[in-house]
Amino acid sequence: MSAISLRNVRKRYGKNDIIHGVDLEIEAGEFIVILGPSGCGKSTLLRMIAGLEEISGGEIAIGDRVVNKLEPRERGCAMVFQNYALYPHMTVAANIGYSLKVAGVPKAERDERVQKVAQSVGLGDYLDRRPAALSGGQRQRVAMARAMVREPKVFLFDEPFSNLDAKLRVAMRAEVRRLHRQLGVTSIFVTHDQVEAMTLADRLVIMNGGHVEQVGRPADIYDRPVSRFVADFIGSPAMNLLEGTFDENGHFVHGAGGRIAVSSLNGQRVPGRKIVLGIRPESVRRTNEATEGAIPGVVDYVEELGSARLIHADVAGSRLVALDTEGRELASGTPIHLTLDDALHAFSIEDGKRIDVHAPVNKTHTGDTQ
Amino acid sequence: MSAISLRNVRKRYGKNDIIHGVDLEIEAGEFIVILGPSGCGKSTLLRMIAGLEEISGGEIAIGDRVVNKLEPRERGCAMVFQNYALYPHMTVAANIGYSLKVAGVPKAERDERVQKVAQSVGLGDYLDRRPAALSGGQRQRVAMARAMVREPKVFLFDEPFSNLDAKLRVAMRAEVRRLHRQLGVTSIFVTHDQVEAMTLADRLVIMNGGHVEQVGRPADIYDRPVSRFVADFIGSPAMNLLEGTFDENGHFVHGAGGRIAVSSLNGQRVPGRKIVLGIRPESVRRTNEATEGAIPGVVDYVEELGSARLIHADVAGSRLVALDTEGRELASGTPIHLTLDDALHAFSIEDGKRIDVHAPVNKTHTGDTQ
Amino acid sequence: MERRAYYRNRVLPWLLVAPQLLLVLVFFYWPTSQALYWAFTLEQPWGGGNEWVGFDNFSAVFSDSRYWATVVRSAVYGVSATAISMVIALTLALFVDRGLRGTKLFQSVFIWPYALAAPVVGVAFRFILSPEAGMVGAVNLVWPGIWDPATNGTHALIMVIICHAWLSIGYNFVFFLAGLQMIPRSISEAGAMDGARPARRMLDLQLPLIAPTTFFLLIMNIISTFTDSFALIDTMTEGGPIGSTEVMVYKIYENGFKGLDYSGAAAQSIVLMLIVIALTFVQFKWVERRIHYA
Amino acid sequence: ATSGEARTKFEFWYGLSGDLSERIQDMCKTFNDSQADYEIVCVSQETYENNLQNTIAAFRAQKHPTVTQISDGGTLDLMLSGAYVPVRELMEKNGYQIDWKNYFSGIASYYSSPSGELLSMPFNSSTAMIYYNTDALKAVGFEGLPKTWSEVETVARAMKAKGYECPVAFDPTGVWQWFEQFSAIHNQPIATKGNGYEGLDAEVTFNKTKFVDQLTWIKKMYDEGLFVHKSKAVGETANDAFVNAKCQITSSSIADHGTFGKQAKEGMHWDVSMLPLLDGFTRTNSLVGGASLWTLKGKSEEEYKGAAAFYAFLAKPEQAEWWSTVTGYIPVTNSGFEAMKAKGFYDKAPYKGRELAIASLTATPPTEYTRGVRLGNFNAIRKEIANAMQEVVFNNKPVQQALDEAAARSNEILRRFEKTYQGKALN
Amino acid sequence: MIERSPLFDYITYGVMILGLVIIVMPFWIVFVGASLSLPEVSRVPMALWPSDHLWENLTKAWTRADLGPKLINTLIVATCVTIGKITIAAFTAFSIVFFNYRSRMVVFWLIFITLMLPLEVRIVPTYSIAANALQPFQSILDWLGITGLVETVSGIRIAMNWNLLNSYSGLILPLVATATGTFLYRQFFMTVPDELVEASKMDGSGPMRFFFDVLIPLSRTNMLALATIMFVSSWNQYLWPLLVTTDRPNYGTVMMELKSLIPAQNGMPEWNVTMAGALIVMLPPLLVVAFMQRWFVRGLISKDK
């Protein structure tokens, strides 16, 4: 039995279908991240689970109970809101303890539990402050403590870090991870930041326009995106996506006649067939000489990242981005040669679906768990 | 003659000194990025150049004119604001053309110029819309077009991308770069996003608490941060910074007695001397066997980035983060061994200043400009 | 909230405020300073002359038991009209804010009283609450004398208070609704997630969060009971019976304009003005310190 | 009328409303039509009180009318104002010969300075009367009209017993009829110093006169339901109640005689009589009521000429007769009255009974207490007395206490007035 | 709406309907009263259902109080006051909010304090000002001795006089000088982001251009809200018109005429006509509020939900 099941869940606002039937089984203790572009329905889905939004169709079950008709308070979920939604007029302690107070927990017990939770998120010294007197990170922690104190069956997070600055986001990420390890509560976390998603998720749910595009472990999704959308969405810098056809030699022809020798994709290289070829920037390598099969190009510009740089190159009228960890100081206009490793992805040009052959296209894992 | 000179520029609000004397020479056509944490005075400095803020001390010259006493409109600067600051009640065309209208440019010429600029930023089809009916990226472009239409001598940008989502930021970055290449106008760009700063800047100005900490090309700053502050601030994932001392063998002792053999830093390894040792995550490599000099540690957790992963390891009580592009699936608690390459940084524990020996500590460039 | 972006100009700001300053000086400060002068003199009604009497007018006012009765009455009037009106308006606003289907209709009607002038409402309520006609007349037929604002001072005061309260429901409602709608929705949702039912959320979350609005309205209402009660009382009771609906403003008008005691009235005006200024200062300190959400 | 250009315009503010106001407008029109030199603009200020207040405000602003109508009670306020031109002087200057002796002595004494100079132009004079519904009187078998308050009590009781809800309409704000005129016809003082005629330092004395007993009696009548409260505040005035036959007896000005005639319910019979007396008293003359016309200072000679012409117009016998006909106001001159009497004006309905007003006014020559009232800010004092009557009737305050308090407050008003006009004397 | 609690929904509707009754009842009674005949309106208890004399009573009230010209007068006055107020207040608030000069808070308080002393309590001195609005200047000149000086030098006596009684200016000007509008504008102007000011500075526009090109168009909603408030309050003015207007036929306003419809001494208790008059008099502001309420409410809320 799953901790949470969504069965063909739909949402309609007036005449607009927002969620088009989502199916999802979440195991107890899992950390699920829902990722997708703005407006794709992530929050709506989360809020339907929370009970803040009516369900227009399908069924949501938490544990073995269908909760469609239950009020938020009856579902055993706790939620951390995007802008924290702290009660501005209550102290930190009162904010955290409010749900207990509503539930009629006696004051002594309440104080004790609030104290304990506050300690565990490092807010022990701030219990008497108002939210306005806290920093962004501290407010974030109050929101978290408020969710934790009820010992809910499910944690729901709606872009909880989106108002924090970069440094703080990294720190809060670690905090959420630590808490999840410590409490082991089933969690659903909505974000549109893919680094956040990749680093936090046990399983990732990629949404697009009210559909679930792909569900899987972050690495699997990165390695085998099921669609052009996912391929483009996951990974930073983004995957190079070239539209083109195959010639009679099975070479991929793109842009203004550029040719790429493709070793994988056996059986798919039908001459004249149009596809989208996907190559991750880290699969594009720069060679100094024009070796056999190397693709010639011209540097457009280079973005310095410090530890590496992104070479934006013009390759026969197409743009190819390479992640280069070695060289430096490539002036714009410099001719270069690029080779591709065999981790190529191909997508249908019509529906954007992944085109797969039996041979796996992902890299060989060195996966040493010792 | 510089395009813009700041000479001992100071700013005081009431009794508070905000900018403590900034000197900076900016060449014509340069793209300068000012980077620093929130509240360090970046915006204030920019606004003093724009003429929106009075200068409490020192001198600002644009071209050969000291502009301290000039009104904003007389300085020939254009500015792009953080939240765009578009006129909500005007159409895109009116927004872009407003400065021309104020300047009394005849309607026909105005329309033509607006049209041209709008085309160049891809807003040709949106001229009749109101800002409210535009997406974030489009608004951003309107703000840019508004700045461009006046053909100013200097562009000023105050965190223009901070309200955009990640994908859009990348796209807008490319756009700004393209525009700068195309127009060649001296630009000053304020941000606290270091990727933005690194990838855009000809020269980077790192500010901290009203001071300029370091000025230089992005790669130089990455490779030779002049202070612990800069080292920590520049680079993502951030540099590992370990506090410790040297033992009689010249080994660096940190945490609960962990020892690191340090080959560089000759002459600085005085036994008992306390320093901060800085190691970039990409300089930490994982080896499978305990080779000579390898540092033993235990995996705390791994953050999957897709193309690589960050191994957070416990090393004798200190935390060391390694950027790993090879292995995968390292369970928490797995013992590992780490080696460091020789790109080490050292900083004084007292004032955070870089401690340098004559030998350069940066990697050998392969810098093949062919 | 401090602004950062200002214009610098020596003349322009003064030109901009000139029209209003001029109007205010001519139509407010000049007359008011004249009244101030009268407060320290005995002014002949026909303006033939006056005599400096120092604080005599004030001591006369303060030693008059009827004046103190008026002060107490004003306080009762102010507090109860304010309380009744605000409670009703707040209740309506809280329920309207739930945004159920059809709420818009209710909402627009609840604003109506705002459009009405005190004299119109006074006339209408005088008719409605008239002991021998209208609506309440029926009640008097059954229990004679149970309602008689014409002779019973308490009834008369109640009548005026009810009318004043009704009249300000619209204004209060609009501000309460505005205040409620400024509370981020997510705070109510957080409350729901924390297990609080709607009624509980009203009490625990919404009420405290509109405290600044409430306070603002409290002061505005009390000031309005000082300043706006005139037309109402003048059309409904003219201060009677036996002065039992005479509040401070009305007494000033009655003593000054009708009783031709300009000096005594001027002294009372000054007392009233000081009270209102004090209230406004308190209020101002609060308006500027609204709660900031998140 | 001829073209407006050449005519001198001047304003006349008055304090009457309703039917009486319309009559004044008629009168103004007649005046304007009667000559080509002046145009009078007549503006109603609704009530005497309002008119006094607005006139003062306007005078202070130098935007006052040339002529204003001030009621009996406001006379001293005007006398001390120094804001008027005495009417005798005005008329003399403009060459009008008026026989001032011809005016009823009660009227002259009310509006004259101590030296006997008539200050304002007598215009609408009245006195208080009592009106009876004769149908009701007949129903209880009372012959004629009650002449004493004890008779009134008897018939009221009988009416009540007959099922009349409201025998006597009582408006406690009617200080003029219930208190002032009561005091006059019983020769009771209102204030010392001859009701204030002899100095600004007069003090009221109404808490020590027969009025105390009278108010006690009123209270008794009210408690028994024989007097019924009728006023603007209850939505029905005493006069309304009387013309609607809801109340059978009311006390009011003779001025209302005309209005009652027009408004009385169809088929209703009524009559008017002099105010009743207490047993054992003989009648002294009642006070002249209504108002007179004051000419204000600060106007042009032309306007004064206009005002004088207007006064002369009012003094014309046919004009005075018209005015007395369409209202209930009395003719203000002996000759006017005699002429009308001779014409048989008072012999038949609807004017029959109005002569009683003059009989009341001239019952005796004016005494120290019946020549008028000369108290400063008398409107405010009236209000105190009205309050006292209401306190007694509605709130059961002991009569003596209520009147003592009212007297104390009234004296404060007088002292304040005295101080305000320090150094000024009646002259 | 967060949860679907049918019970609570019923309560909500219950309360709102109760509120509706409280609010609408007086309107209804006025309406019903206005439709009754004299005997019907005098009957106790009064009917709760309208009768068929509405038109008759409306006509009576209309002619008796001469409402036609009075409505036009009131409309002229209310419109001018409204326009005057929103214009003058906008200038003042602009000066106070967007210029940084030392005395701006003094100016603000000078204006704000005028909210605190109602006209009723300074009626007599205000009246004499209305009689000569230039009196303060005359007095200042007299006091400074300038009048005397000029008179001795040139023989001309300075006598400034501007009478406002019985004129539209008298009905309008004193009402234009209030602080409410300034206060509301100030509140709104303070929410205008600094960046907008700065953007326009960078675009080269000076303060007045900013005011007309940016601030005024942005304040449209607030101006509508303000206009509603101002229109209603000036329409409903009572005591001031009563005082400055002695020439009722030409300058009377509806509110003062209404009082003359109240059954007076010596009059019939024609409450039905009074109610009909009230109906006519209250209709225009009611329509304005009903029509403008969308902007009215929005203009007072600075932030959206």
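Each chain carries a letter (A, B, C, D and E) given by its place in the written order, and its residues are counted from 1.
One rule holds in what follows: a residue touches a chain if its C-beta (ideal position, glycine included) is under 8 Å from a C-beta of that chain, and two chains touch if they have at least 3 such contacts.
This one's a predicted model, so the numbers in the text were calculated from it and none came from an experiment.
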*Taking a step as a move to a touching chain, how many steps at least join chain C to chain E?*
1
*asked:* Among all chains, whose Cα centre is located farthest from the one for chain B?
replied: D
*If you tally C-beta pairs in contact for every chain pair, which pair wins? Let me know.*
C-E
*How many Å are there between the centre of chain A and the centre of chain E, using C-alpha atoms for each centre?*
58
_Counting only Cα atoms for the centres, state how far chain A is from chain B in Å._
25
*Between chain E and chain D, distance of the C-alpha-averaged centres to the nearest whole Å*: 40
*asked:* Where in chain C do residues touch at least two different other chains?
replied: 5, 126-127, 132-133, 184, 189, 192, 197, 257
*Considering chain D alone, which of its residues make contact with at least two other chains?*
57, 60, 235-236
*Listing for chain B: what residues touch at least two other chains?*
52
*Report the residues of chain E in contact with chain B in the complex, numbered from low to high.*
193, 195-196, 198-205, 209, 213-214, 217-218, 220
*Quick one: in the complex, what on chain C touches chain E?*
1, 3-10, 12-14, 16-17, 19-21, 23-32, 34-35, 38, 88, 91-92, 95-96, 98-100, 103, 106-121, 123-128, 132-135, 137-138, 140-141, 166, 169-170, 174-175, 177-178, 181-182, 184-185, 188-189, 192, 197-199, 223, 226-228, 230-231, 234-235, 249, 252-253, 256-257, 262, 265, 268-269, 272-273, 276-277, 280
_List of chain C residues in touch with chain D within their complex_ = 42-48, 50-51, 53, 60, 126-127, 130-133, 149-153, 237, 240-243, 257-261, 263-264
_Residue ranges of chain D in contact with chain C within the complex_ = 49, 53, 56-57, 59-60, 77, 80-83, 229, 231, 233-236, 377, 379-380, 383, 387, 390-391, 393-395, 416, 419-422
*Which chain D residues qualify as touching chain E in the complex?*
11, 13, 17-20, 43-46, 54, 57-58, 60-63, 232, 235-237, 239-240, 256, 259, 263
